[in-house]
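You will see chain A twice below: alongside chain B first, and alongside chain C after that.
Right after this comes the complex of A and B.
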């Protein structure tokens, strides 16, 4: 029995090897063979990025155009749906698909820039703390503790309420969220990296501190920080959604996924598609980024190859 | 030291009264920090072209002394004079230049290599740091050096973890020697290797010494290795050097009870030899709270009242043989 089974299995393997398609070759080169989840996640994230950048070219209607004769129209695959509005319309008769495309752009923008701000700020402060030790470290770590013990939503609401609301401020606020995680992480990793013999070795070779960090410490902690960023990015997108949902994020006429979700809440029973469409997009986006982050961590570590 | 000697060898490095204290953690919020006396007044000369073995048990401060001599950590007091220049007082630029003159070879070769950098780049790095020659020169030097340490060329495009321990240590040695340093501190450089590889690396170090005229400070806890490579041996105990003599002299006529015990502790491949050996009782003392008088008195079979109160001088008891023990003459 086992002998019989072994025969065709070997054959499939050989034919697979011979018949590897162009796509297969590409997957192999990127180390993606067999990594279907990662491949799917990469395709999805690329698609989302493409839509975020070029989506306006395919946008069927302006996202602010109302059509009061066609309020709360269901999507095309539901009873009463029409091809005019593929994903239906909202309470003001605005096309959900158009709003989704437009909202995606802003959500991705805020998510990416916010994450970059948080990652750079936090990692830099963590490295500073670990390098100087002493009171610098104490002050920075105290700030971290304050940030951790403060519910960030309250903090963000306070800033947005006092300073006022603009896209720039919103991006900075969601960027600040999470800096303490990068700071803690990079501090502890730099502390341990600085005790490694290879750092002592290049120091004893006469390399200056900046180059030591650039050439030796950062490349060794980068993988973990990148993974932290991919864990944090969904959080930033969700935070923007939460703030917009609460009415303190993106203000109309601009729109984001969170804002659409917030509007959809009122019609959850009557017209669930308004909330479900952006909800699913956010869900798969955050999931895909997390999967990619996990995969990247393994890719970035040469000792795991 | 040793001015009576007929041929006065040239002094490469002179350590004078080196003291290095580290502050430990606070015991309580208002409490004082405790001080670790890692190195407690060491004076040592290194002669050009020699290998000085530095032995002692873990925690006695031998690695700290090695780093003090390389000026990688600042001494609390004392000075190190390298070729007539006090290197504890040099400015940043000069300190950086001195880095190509003195180098360190580590105990754990894998830890001493950046896990994410190709072997080739790591060997080449010292040349980049000190701007040696043009890129072609640098490449040629790397190739010469890997040939000198007999490292196969195909390993250059690998990462450290893909090499064996012996190969890794060759890379570390190649990187340390590529700038033609004068002084190399080998800190337990072969202790982490297999015995067969140990011999290869020790021979390699000896070959490189002949080729390049290097001076080694060879730090180890293993007397059986140090006797093969060292011309002189210094024995360290709790931050002080307790005995210093030529290798043969020290191993055959140890004067300090601690040295005697160390030598007796070297394994002998004879199961019946065990009973006659002197062993050291007890634990090494706490460096936070060093004992009064001779630091070894609590573990010494010959200790008397004087040992408990007076610190013995580090004195000469015969030609080229220094020891710090009140009873050295009696025991010698």
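Right after this comes the complex of A and C.
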């Protein structure tokens, strides 16, 4: 009798232990034991990615739907807030949560595509510099120096104002920022790869340059470049949000996190939630990616600074 | 050493030329600037008068030569919008910008170096982790968001500090804090890694072995050596500081050159935008040149390798 009663109890204990140890084993396998900050960051970034991709399914209102009878409604947890608008409404009565979901999607999209553009452009130029050496390398490295020292945001603002503003131009401009880091990195890695035996071997076998870089060198330096891309991503997201905040980035009716903040700035006294909600989302997003980037770098490639 | 400096100066001049040409390409060659001022229906005769007046009726190459010539002679054109020379407009705004930038720079270098060195000395402890997490957080924070939060708390909630303007020293506190927090975060990070590098060196062991007191080991042997890489990094941060101040001046309605830039960009006033970019570029390039030369003096090994090149 007592034996029978004890049975289920031990069973739950064991299943609990197995569950915990499975989770523990998974965390251990990914090198996450004791890295609670990194774990939290990974969870947050996954959540943001999920919202960016599937968020439109849960979006309570269209992000452009105005409701002039419900302007500047506070969020549900403040006095006078209602469940109809979880995060309140803005100056035109648009639902802040819906705009946040929509804005997040565009911010993440611009950030990711921009980073990929910068990574491809920079790595290509870095490989070119390392391959041709001589004056090509000198000129490219000088351009790298210029890009490093000058505040790119000023150029970005000028380009968007004078050349014109469209989503494509914005993504390209945002992508240019940071190319110099990939260029430096890939140049130095290709220089050292070209001295290594495997490259010498395939070269003496008569493989052409394109194939050597594509099949042998690039796969070897890819990991480091991807880590660098992770480290650059927050900067790209911040640049886009700053440009949009200043009114020169994403243009209505499209919306991004920075643009919502730009609107919120004018209503800081009356409706602080319009600015606070997107601001916190961006802050935790960039912080999380930075934490993950640092962790990846230490994990995969201790040679990077 | 002379050769090293000469090469650096030549490089700087060349860099400046690239920037000047890039500005020309973006601002002038990107389309007929006349339509940034006049609407599409304006009679052609009127447009031609203004085209001739601003010299944009000539070919692009001619315009480029005239543009270079004007710049060399210190003529930066007049503002499309209030007809004053662009130079006067920008220079009038400079003192405020320098005040804000200078204050921020001093605060963040002092705070950043102290915190970074402290974190390195306390490596692996709670302090180290705390300072480094705060540093990462400080440059993950969008500066304009931080500015808004500080306004919300200190100006609107507590009513201690003004939200905008630049009349008294009180107006300086919030913008300088906002800019300084981010900057000191990255300086702290660099100082820490430079310091850790230095602490591993054999001369530090020698200093310890010969019985130098702890403060002397740090202030005499470690800090000057850690200063070398840190100085370069701080030089590079200058550009960042200018970029950041453009945003922060706008948020705090600080009447500096950065805010003038943003309003000019908004109305596409190209003489002012062009002059501002050129000023920023030459400031940064000259600062980097000085850093390079300073670097040569701080660490004589570098100018030797410069000679070999």
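In the analysis below, the second predicted complex is superposed on the first by the 236 of 305 C-alpha atoms of A that agree within 3 Å, B and C clash if a C-alpha of one lies under 4 Å from a C-alpha of the other, contacts with A are read in each partner's own complex, and residues count from 1 in each chain.
Definition applied: contacts are C-beta pairs under 8 Å (C-beta built on N, C-alpha and C of every residue); 3 or more make two chains touch, one makes a residue touch a chain.
What you are looking at is a predicted structure, and each value in this text was computed from that prediction instead of being measured.
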item	value
Partner chain(s) touched by A:282 [first = chain B, second = chain C, both, neither]	second
Residues of chain A touched, compared between chain B and chain C (which is higher)	C
Partner chain in contact with A:220 - chain B first, chain C second, else both or neither	first
Which of chain B and chain C A:60 touches, first, second, both or neither	neither
Touched partner set for A:80, first chain B, second chain C, both or neither	neither
First, second, both or neither for A:201, with chain B first and chain C second	first
Partner chain in contact with A:151 - chain B first, chain C second, else both or neither	second
Doubly contacted residues of chain A, that is, touched by chain B and again by chain C	none
Chain A contact footprint on chain C (complex, rising order)	11, 14-15, 18-19, 22-23, 26-27, 30-31, 33, 36, 133, 136-137, 139-145, 148-149, 151-152, 156, 193, 235-236, 238-240, 242-244, 246-247, 250-251, 261-262, 265-266, 268, 270, 273, 276-277, 280-281, 284-285, 288
Contact footprint of chain C on chain A as seen in their complex	37, 142-143, 145-146, 148-155, 157-159, 161-164, 234, 238, 241-242, 245-248, 258, 261, 264-265, 268-269, 272, 275-276, 279, 282-283, 286-287, 290-291, 294, 305
Chain B residues within the chain A interface of the complex	70, 72, 95-100, 103-104, 106-108, 111-117, 125-126, 129-130, 159, 161, 172, 175, 179
List of chain A residues in touch with chain B within their complex	196-198, 200-208, 211, 215-216, 219-220, 302-303
